[in-house]
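Chain lettering (A, B and C) follows the sequence in which the chains are written, and residue indices restart at 1 in each chain.
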Amino acid sequence: MALFEASHLHKRFADQVVLEDITLSFEENQISGIMGPNGAGKTTCFNVLTGRFKPDRGRVHFDGRDITGLPPRKIARRGIARSFQMMNLFDEYTALENIVLALPEVRDKGFRVLHDLSNDSGAQDRGAQVLARMGLGGREGALASDLPYGQRRALEIGIALAAEPRMLFLDEPTSGLGTDATAILAELIGEIRKSVSIVIIEHDMRFLFDLADHISVIHWGQVIAQGAPDQLRENEWVRASNLGALA
Amino acid sequence: MNQNSYLSSFRAWFTAPMLLSFLVFGTMPLWIDAVGLYQYLGLEVMIWVIFALAVNLLLGYTGLPSFGHGAFLGIGAYAFGLTQFNVAANLWLSLFGAVAVTAILGGLVALLISHRRGIYFALMTIACAQIFYFIASKWTDVTGGEDGLLNIARLPVDLGLTEISIRSNFSLYYLCFAAYVIIVVGLWRLVHSPFGKVISAIKQNDSRVAFLGYNVWLYKWLIFTLSCAITGLAGALFAMAQEGAYINIMSLQWSGIAILIVLIGGGFISFWGPVLGVIFYFLARDILGAYTETWLLWFGLIFVGMVMFKPEGLAGMWRDGRTLLGRKPAPQPEPSVTEPSAAGGD
Amino acid sequence: MADFLLTLLPHLLNGIALGLLFALLSLGFMLIIGVMEVINLAHGSLFALGAYFAVMLMSQDGGITHPFMAPYFDLPIVLRYIVALIVAPAFVAVVGMGLEVCLRRTYGKDPLYGLLLTFGAALVLEEMIREIWGPAEYFLPIPKAISGGFFFGDMIYSNYRIFAAVFAMAMIGLLWAFLNRTPYGAVIKAGAHDSEMVRVLGYNLSRLRLYVFAFGAALAAIAGIIMAPIWGVRPHVGVDAVIPAFVVIVLGGVGSFWGAVSAGLLVGMVVALTAAYLTEWSLLSMYLLLLVVVTFRSRGFAGKASALEA
């Protein structure tokens, strides 16, 4: 059984069907990719998988347990973290504070009013380590709002990583990045895959085909193809929908 | 442990602006007459500072605009009087009664609104406040209706061995001052604890906080209830100052003025914003009020101007002034920005 | 039972009149939310201001005592009433434009600032009303033709309520025609849908916002004038008006014209019936309604996040 399994998901908004019978599974210690054209339902699918929206029908299982319809905080506590395409940083906090807040050990101390985070050397160290892993070493004290775009992207992923998840969902991580920055990001994801299972939504085919072990293609709210990148290159659906052109 | 040694240090609990405020407010009754003002004004300032700090816990720190907090001020005042009349004429018990009743009613309201923010939150607080106002005005057997609850006594401070009378404005002031010291030290600690970090993160981006596994609802519920409890304490002190509990403080107008004060003072960026705002408000009332009856109109216009041009308020102007003079802006008074610690680095 | 239904009838009529006026008020509120994404907490104050301007134009008690204006007050009351219905909303529209100019500084920022600004504006307008007209209640004189009542069976019906219902219905119809049958309406609807589209179509967005705010303010003022003889004219009436407007929008959904009208009728009915049978509690019913509606219904806008969610 795969670490993460979604079966027969349906989701509609008002009179518009966005997801129609989506079945997906993501294996442990792999990078799984979801791709598809704009408006194909990728983002909605992602939001249903990570608990922002409740599916109308279908179940989501993580590590053998049913997490369908659980609120985001409970899903997070099961070991699923996500990043956002539209960046969701704490702009008034420093880079380090952004990371520290995401650490599970800090979450558990949330109600301890006699605790002092700035003197919690354990949390500060672990936060600094995460920043260093994301290539943000030395930027600990910078306000999140003052960071350049590429570093904000890295911080966005760093927050999700700091939550120490078993499975990390990345929503369009290359969005808005140039070629160089995308290459750096690919390297980074290649590094963090050693410790966490990853699911990536992307429209940048090359990026996904280089990194992913397994890719699902979503179109018209349905999974139209899936398999390893090499298999997909041959798939007639992918070719027909012109997605293969880049691959 | 490092942790314990830090918290046992003086610096973790007290800061220079805090001590300055203690010095100024602690000596205020001694010089307030000399500068042409009067003792009762000091009392009002002290009580409103406590109230404004409670409002800012929601508006400035958690980003929750409570437009109906005056209702809880009134509830605290009524509960203080009713405990005094019906349970026992003991100061501590009556204060406890005021805080407990306000916290319970605040907690019930918070049950309804803690999953809300922005406009829904604001209008729900208005609705709840209006309902409380309405009940207080109709339930005359308990609240005295439009006449108010009269003859609330300034009960003596019972310290076990000795009793101190607080009949005079001077001595009641020091009871309020003591409450201020406790509240300020406690709130300063709270907003600099992990709890404070989380509520401020909720203000910045509540959905992200939820995706990190925090129970956003519970944090909001707790902060709202706490804010109400502190407001209840301010209400109890106000009942003693006025020697009665009156319905007018429950009106939306007073709730609105509390928001005006907090924003003009600079509650969005500074712990001390509400304090500056209250001082500004009462000075404006007494100085502008001497020249024009429409001073509240002017105060409202100042507020609108502040929202447009300087939402950081007086505290923001102070900070800008310091930056202009080439000095480093003080890091402490800012609720959401703290220095990253170098503790344990490499 | 039949007797009960018969006694119920006038109250239902009241509910319809009230409901249509709420709908009119809410439609202006909704236009502003749509185009500016601002919840105008001062909308009730504009409603109140409309009533006060009308009082000013209807009787010399309203503040204009200058002898220069004396011939105006000698005009027949019907004429003055028509003048009030046109001029008072125009005045309020100008005030609304001033408010919109202030609001410009909050566009694109945290919606909390727009909320705080309109909240402050509501307090300022109420204070201004207190300053100019005092805290006492005013009554808006109305022409004989629409005052008094008539008998239907054993029951007395108020002429004015019938006039109010018909007038509000006519206004709603005109508004619908304006929004759906004129090019101006098309631009406003485009702006409510997506403000970028307005730019693409080659219209000036900031001018559109100014006019829409003025238009919304004028609708609030008209509702205020028609409501004045029913509710009385008090400085505080603004707060009592903004709450039903909000309830109506939550119930009917942002952007739904007929949703607002039917929700307005529902809210009006509830308020009128509580007023009839639990007079003391009639104002309270509105606030309770808000609590209930927001608690159970606020997710109802087709699942999409609107400016209200912010």
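Keep this in mind: a residue touches a chain if its C-beta (ideal position, glycine included) is under 8 Å from a C-beta of that chain, and two chains touch if they have at least 3 such contacts.
Please read these numbers as outputs of a predicted model, since none were measured by experiment.
Taking the mean of each chain's C-alpha atoms, the chain closest to the overall C-alpha centroid is B.
The most distant chain from chain B, with centres taken as the mean of CA atoms, is A. Chain B and chain C, compared by their mean Cα positions, are separated by 35 Å. For the pair chain A and chain C, the distance between mean C-alpha positions equals 47 Å. Separating the centre of chain A from that of chain B, both taken as means of CA atoms, is a distance of 41 Å. Of all residues in chain B, those touching chain C in their complex are 63, 65, 67, 112, 116-120, 122-124, 126-128, 130-131, 134, 138, 252-253, 256, 259-260, 263, 293-294, 296-297, 300-301, 303-304, 307-309, 311.
On the chain C side of its complex with chain B, the touching residues are 39, 41, 102, 105-106, 111-113, 115-117, 119-121, 123-124, 126-128, 131, 239, 243, 246, 280, 283-284, 287-288, 290-291, 294-295, 298, 307-310.
Chain A meets chain B in the complex at residues 50, 52, 71-74, 76-77, 81-82, 84, 88-94, 96-97, 101-102, 104, 106-107, 109-122, 124-125, 128, 140-141, 143, 159, 163.
Across the interface of their complex, chain A is touched by residues 2-3, 6-7, 12, 189-190, 192-195, 197-198, 200-201, 204-205, 207-216, 219, 336-341, 343-345 of chain B.
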